[in-house]
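Presented sequentially are two complexes of chain A, the first with chain B as partner and the second with chain C.
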Partner chain A sequence: MSIDIKNLIFSYNRSTSLEKHALNDVSLSIKKGDFVLISGEVGSGKSTLIKHMNGLLKPCSGSVEVDGIPTHKKDIRSKVGMLFQFPQKQLFGKTVDEDISFGPANFGIKGNQLKKQVHEAMDLMFLDESIASVSPFDLSGGQMRLVAMAGVLASKPDYLILDEPASGLDAKNRKILFSILKKLNSKGISIIVVSHQISDVLPLVDRLFLIDSGKIVFKGSPDEYLRSTNLYLPDIPWIMKELHDRGFDVKFDIFDIDEAFYEVSSLLNPQKVDEQ
Partner chain B sequence: MIQINDLSHRFPNGNLALDSVNLNIKKGEFVVIAGRNGSGKSTLVRHMNALLLPSSGNVIVNGMGSSDQKDHWDIRQAVSMVFQNPDSQFVGMTVEEDVAFGLENLGMASDNIRESVDRCLQFAGLSEYSKTSPIHLSGGQKQKVAIASVLAMYPECIIFDEVTSMLDHASCNDVMDLINSVHKAGKTVIHVTHRLEEATTADRLIVMDAGRIVLDDTPSNIFLSGKVSDFGLELPPIIALAKKFKDSGILQGYLALSKDELLEDLCQLILKT
Partner chain C sequence: MTGMFFSYIPGNSLLHRLDPRSKIIGIMLASILIFRAMSVYEMLAIGVVFSILFLLSSTTVKAVYSSVYPMRIILIFIFTIHLFFTEGSSILSVFGMNISYEGLLKGSTVTLRFIYLLMFASLLTSSTPSSLITVGIERLLRPFPLKVLGISSFDLAAMMSMSLYFVPLLHGSFNDLKDAQLSRGLDMKRHPFKAMYSLTVPMIRVAFRMADDLAMSMESRCYQGVHRTSIFDLRFGRMDFLCISIFGLLSAIIFFMPVLQDF
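Entry: the complex of A and B
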């Protein structure tokens, strides 16, 4: 059970003067249950890549298969849920219930089973049953995001792709979002997060893919990433790694401010920190 | 340069977006205005070039009050604005046409236009893209074109309204470098953002909340006060870490505002012990 991409090449506006190469010989595999981060600068091809994973785009050459089924077959869409940036823009239903039911209803789910799936999805998103009959457009921005996510989850996807899910969220709501993703992942759903920001998500993931100008330039675990030279690092691990590289005895797989503080303080004054 | 007295702004739906704001911005200052969504920061800066007019109170730019419509042209000539989404402000087929647009409308002679455009494109580091269509540029380059177009009009003051919020890390640094050079070239710069790391090079940081100015001091003093989180803002990780070392007495002296400064401070400290 996995998403397998082999030698994927894709260009926009193919065979016209505006042809733009977006993906160049990309191969990767994401197993069911994985939590992965796909990162790269704006315009590097990340969104183009994930749109291949649920058949929104078809390869110019190479292959994309979900659980062994090529993505041009329609039924993979129920396996791979996709949440775009600003998911609140995906809402359209008259009521929250109607909006969340739309996906599974289209996949042929009816009656009590449909109700059950909608209920479960709302539950996962901490959405209260009382808002089911409310118009989604009367909700706050944060709640609208949760409803949009519930709408994707109601189809019970095996793989959930989120494009820049944290953009525009403040620190508190980012933490809530990531704890939701962790919970979903612990239920066996693969989580694929696309983000140009690495520091927030990296501590949560099993693997990281870095993409630059349509090519995968790094794949590996967060630890392998931190050990690699010449890749961009978030500020806190950057400081720790610089200290480590200058021969000081500190751990460098640190993202957290408090942990970094503790690590450096104990180097400066081992006894004092131990007493505390 | 810009003086705001007891300014309130009520939107037609009854929302009070600005509540008795008093503010004085001096010529040549680099001011960052920060605040969570809906705090009133964009509304405030739109009063500074008469895009919005006061419900009560007044706004005076170079001695001209924004309530007098005949001065609006002069106010907007003195204070220009660059917006969040560069795509919404392009008019030209090529980058140089876009930058020339405002000058052509002023009726400037073509030789002078050519010279101004070339100078502004060079300043923004865009000379090689002069014949490119703006739509084929990256987000950061587009914002730089928008900035060059504004510079061509030779304003005294430029307001940057969330110009970095749609950009990735690298482009964001690029655009911030350009904003810093605009300030060094002697312009008054007002930069609206919710990313506090962009305030580190500013002379002054103003934090807004619920339509009021709640903090107004140097960036270092505000960061050290620990108050930004009360208003829905977050210290950049590096500054939060530097502050922790300073609060605990481990680091002394100035608060490090960049990762290189903090690294140097820590290395020196470790080597001393």
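Entry: the complex of A and C
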């Protein structure tokens, strides 16, 4: 049970003067239950890559399979949920309920089962049952985003792909979002987060893929990433690593500013910190 | 937004280098000819003119084809209507409807006219960036006393360029939206009505939001709608005079072809 990508090559506007290579010989495998981060600069091919995972784009060469089924079969879309950037834009239903049931209904779920799945999805996103009959356009921006997420989760995907899920969220809502993702992951759903912001997500993930100009330049665990010598690191782990490399006894898998402060101050004045 | 019909293809051909005004005048002349053409000879002559222009541009066959192809349903509709509803000597009968020789001829002429129009338009759009087309139209309209009607050619040009800039933006948003709904299991072939609904409602919201944002950003930069100079400097050169003259001469010949034939 996994998403398997082998030697994927893709270019936009193939065989025209405007041809643009987007992905070049990408191979990776994401197992069921994994929590994965795909990161890279803007325009590196992240979005192109994830659009292959549910068959929105078809490879020019190479293969993409979900649980052994090639992605040109439409049934795989019920297995792979995809949440795009600013998902509140996709809302259209007259009521929240209608919008959330759009996905599962398209995948052939009817009657009580449909109601149950919609209810569960709303529960997961902390949406109150009372808004089910409200127009989604009457909600606040944050709530609209939650409704859109529920609309994807209601189809009960095995794999959930999120494109820049934290963009436009404040720190508090970002925390809530990641705790929801963690909860979903503990239920056995694979989470694939695409983000150029590494530091938010890295503490949560099992594995990390870095893409640059359509090529995978790094795959491995967060720990391997932090120990790497030639890759760009977020500020806090970078400082800690520099300290560590210069012979100071500090942990360097730290992303939180408070934790970093504790580490450094304990280094400066071990006794005082112990007393505290 | 690449791969869209009527999109600009960068290049440095003769058509690319011409002033947009000469190209617009050329298109206008060509349109007059196309709508006047009746006989096979005239149609052929227009075809020859198109081929010459096509060779002078660096446009590809694919680009021309891709501007005609999306209109296929309308074209087929026009052709069929003429085919079945023109009175004349019957040559074939399908489902109790008569196809006349005149209908076949008229259908082909009218359809070909539309195809020609699209083809000439694709020559203009593939060799001229939309911003230059707008400036060209604005300059051409300037001598006309539109002020009397309460229209300023600058406002017209501003509106036109804004609408043109919105096309790729809306196209991009539409593709994003389509991807999102397809991911939620939308089947466009099986549920065309549902597809329409789930795409148009958010699209209208997006379009209004975009227009609102643009209006706000224009206002915050004190847009007054007064006479503004353009960043593009148009130059009507010797090549333009030459091309327009040749094209005008050719048009005149084709225009008077029916008269000449009588001699």
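Note that the second predicted complex is superposed on the first by the 276 of 276 C-alpha atoms of A that agree within 3 Å, B and C clash if a C-alpha of one lies under 4 Å from a C-alpha of the other, contacts with A are read in each partner's own complex, and residues count from 1 in each chain.
Going forward, a residue touches a chain if its C-beta (ideal position, glycine included) is under 8 Å from a C-beta of that chain, and two chains touch if they have at least 3 such contacts.
Quantities reported herein were computed from a predicted structural model and do not represent experimental measurements.
Participant: For A:G33, decide between first (touching chain B), second (touching chain C), both and neither.
Facilitator: The answer is neither, since A:G33 touches no partner chain.
Participant: Of the two partner chains, chain B (first) and chain C (second), which one does A:G62 touch, if any: first, second, both, or neither?
Facilitator: Neither partner.
Participant: One more residue to check, A:K51. First (chain B), second (chain C), both or neither?
Facilitator: A:K51: touches chain C, not chain B.
Participant: Once the structures are superposed on A, label A:L268 by its partner contacts, choosing first (chain B), second (chain C), both or neither.
Facilitator: Once the two structures are laid over each other on A, A:L268 reaches chain B alone.
Participant: In the superposed arrangement, does A:V42 touch chain B (first), chain C (second), both or neither?
Facilitator: first
Participant: Touching A:A260, do we find chain B (first), chain C (second), both, or neither?
Facilitator: Once the two structures are laid over each other on A, A:A260 reaches chain B alone.
Participant: Name, in rising order, each residue of chain B that touches chain A in their complex.
Facilitator: Checking each residue of chain B against chain A gives 36, 138-139, 167-171, 232, 234, 236-238, 240-241, 244-245, 248, 250, 259, 262-263, 266-267, 269-270, 273.
Participant: Which residues of chain A touch chain B once you look at their complex with the stated criterion?
Facilitator: Going by the criterion above, the answer is residues 41-43, 170-171, 196-197, 199, 232, 234-236, 238-239, 242-243, 246, 248, 257-258, 260-261, 264-265, 267-269.
Participant: Quick one: which bits of chain A touch chain C in the complex? Just the residue numbers, please.
Facilitator: Interface residues on chain A, with respect to chain C: 12-13, 16-18, 51, 54, 56, 74, 77-78, 80-82, 84, 87, 89-92, 102-104, 106-107, 137, 151-152, 155.
Participant: Going by the contact rule at the top, pick out the chain C residues touching chain A in the complex.
Facilitator: Where chain C meets chain A, its residues are 2-3, 9, 60, 62, 173, 176-177, 179-187, 191, 197-199, 201-202, 205-206.
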